[in-house]
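Below is a structure I'd like to ask you about.
Letters are used for the chains, namely A, B and C, taken in the order the chains are written, and counting of residues starts over at 1 for each.
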């Protein structure tokens, strides 16, 4: 017993044990990603900023200006202006803005949207929105549909 | 001999060990703490006031931001309170999924606690190990509801979505691998001489004092009181699962560590049972489009990772709550801090803050 | 908005009138005014009376202190006379058959339309016996409430918070000062007349 303890001390066995753990972990695959160059993969339900979309088949406007999303938004960041359609059926959008500065990514606006199953407003996978002035966060309808251009700050 | 002078030392609001913006005014005699004044409110956002001007749907995202380390529980407690207020029954499947996600959240929250607590005391490695497993959990939550911290995952009356395909298998996989991972933390800490020295006998809170101070959760159970809302007032479907309430004996920081470690194992047990018993069916119950509870008031509690999480809603028959009060466990538990650190060393204050497991968003609301 | 289903017996909002009628559930108007077809969610009778050992003991011991009793979703709320709060609390905590040793929550509610505008609610719980009761007292503006810190130490911060956010003074509190807001803060935000966005907050105008 004593010899064993002695050998353990002389041969620094415990140190090597620790080193072995370090060595093992050296060769494990990385779980981090080099962010600006590559990004992680998102699950389909990922909630980025809310955006608008058109009918993917016909290319028509989906939003029927029911204002339900505006009513439920807890931060009051959606504002919609609409008018009666000239043919008298329903309403059409004049403007639809979301203030991304205040959006809290809660996803509540998608729930009541009546144009099921493809809701007019949806949580996109966009999230890269660093900017220098606040006004650039007030996003108008065109940008909501086409997506905001992503500024690349790194080279 | 030497003459000592009492000295006021300010700790925080920006201090890495206070887990947020907590300020302590310590009155020191040498290195011994003789009195503590806890100053909070640096993160006060007036959520209770805000809720009075929001309708019942809109409040849920606000509850996320209270205890952002365990937002699932804030959601759960809130929706259950409104359901109780209106007498809504929730479909079985939704209840089971709620239990699964909530218990996973408890594990995730305890992992944050373990990692940061160990980091405060000086064990760096545990932090990385814990966050490795928490990452798996956050990925699961992200796949389930689309967010990693502020979930907004439930709705009044059920769930907005069913679980995504393949999700339950991923949870099963986690349940399988996690005991092995927990073994690693055990090896690193449970018999670690430094860990024992820093936690044994530190921050003693006896059962009588704990109850008097309103302390709940693992801090109360470590004092030997087996009080758990999940057993005392089973909410959701908790009465169908077998699990134990771990309790401690020595009322110190080390026992609180053991209790929380055991709680993670028990949570895993609940998740396993819920997965096995997961019924098929709808996930959204019958709920009116506009939530308008009748006149009345309800106080409902759930067992969060930090303790008893209470919600008090007064309804006047409008679509907004008349008064909303969050009884946050961190706020109440923090009150016991001056009592726990009295007579101990400054370095132990750090350990005691860690063991109370406070989240300042929850304290200040 | 589309098909709104009204829950039964929801009288027009606002406080339940001045004076008595403290607890809303009991004060609900008779069922005659309720819609004949109750909405789907409210199959259970939420305001049904429940049997509570604590209430029985209270009725026996302090019959004159109880001003009103209300039930909601299985919870019992007792409106007490302000002056008898401390003896009642002490009795509830110390009686071996009740042992309500855990003050779960304490908070104030503001009803500006009532004669006595503030209501302080105490949610009590017994850890060993697992029963609950809610106590309430009513206070006029600036009328001090008796502090229960001597009975449950946890009341300390709860009372400070009620003082901070609602401006209810607590008599006998050892250290009554603001807790969440800054010491020089003006007003009490949870009062109904306090605007949600605060006074003089022009620089914080939201866009």
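By our rule, contacts are C-beta pairs under 8 Å (C-beta built on N, C-alpha and C of every residue); 3 or more make two chains touch, one makes a residue touch a chain.
These numbers come from a predicted model, not from an experiment.
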Report the chain closest to the protein's overall CA mean, measuring from each chain's own CA mean.
B
Ranking chain pairs by contacts puts first B-C
Just curious, how far off is chain C from chain B if you go by their C-alpha centres, in Å?
25
Separation of mean Cα positions, chain B and chain A [Å, integer]:
26
Chain-centre distance (mean CA atoms) for chain A and chain C, in whole Å, is 41
Provide the list of chain B residues touching at least two other chains, using ranges where the numbers run on.
none
Which chain C residues sit where two or more other chains touch them?
1
Quick one: which bits of chain B touch chain A in the complex? Just the residue numbers, please.
54-55, 57-62, 64, 132, 135, 139, 142-147, 150, 152, 155, 160-161, 164
Within their complex, state which residues of chain C touch chain B.
1-16, 23-25, 27-28, 39-44, 46-47, 72-73, 75, 77, 101-105, 107, 109-110, 121, 123, 127, 130, 134, 152-154, 156-158, 165, 178-182, 189-190, 194, 196
Could you please specify the touching residues of chain B with respect to chain C in the complex?
40-41, 44, 46, 48-50, 52-53, 84-88, 211-215, 225, 227, 232-233, 286-290, 292-299, 301, 308, 310, 312, 314-318, 322-323, 325, 327, 331-332, 335, 364-365
Chain A contacts chain B in the complex at 31, 42-47, 72-74, 104-108, 111, 123
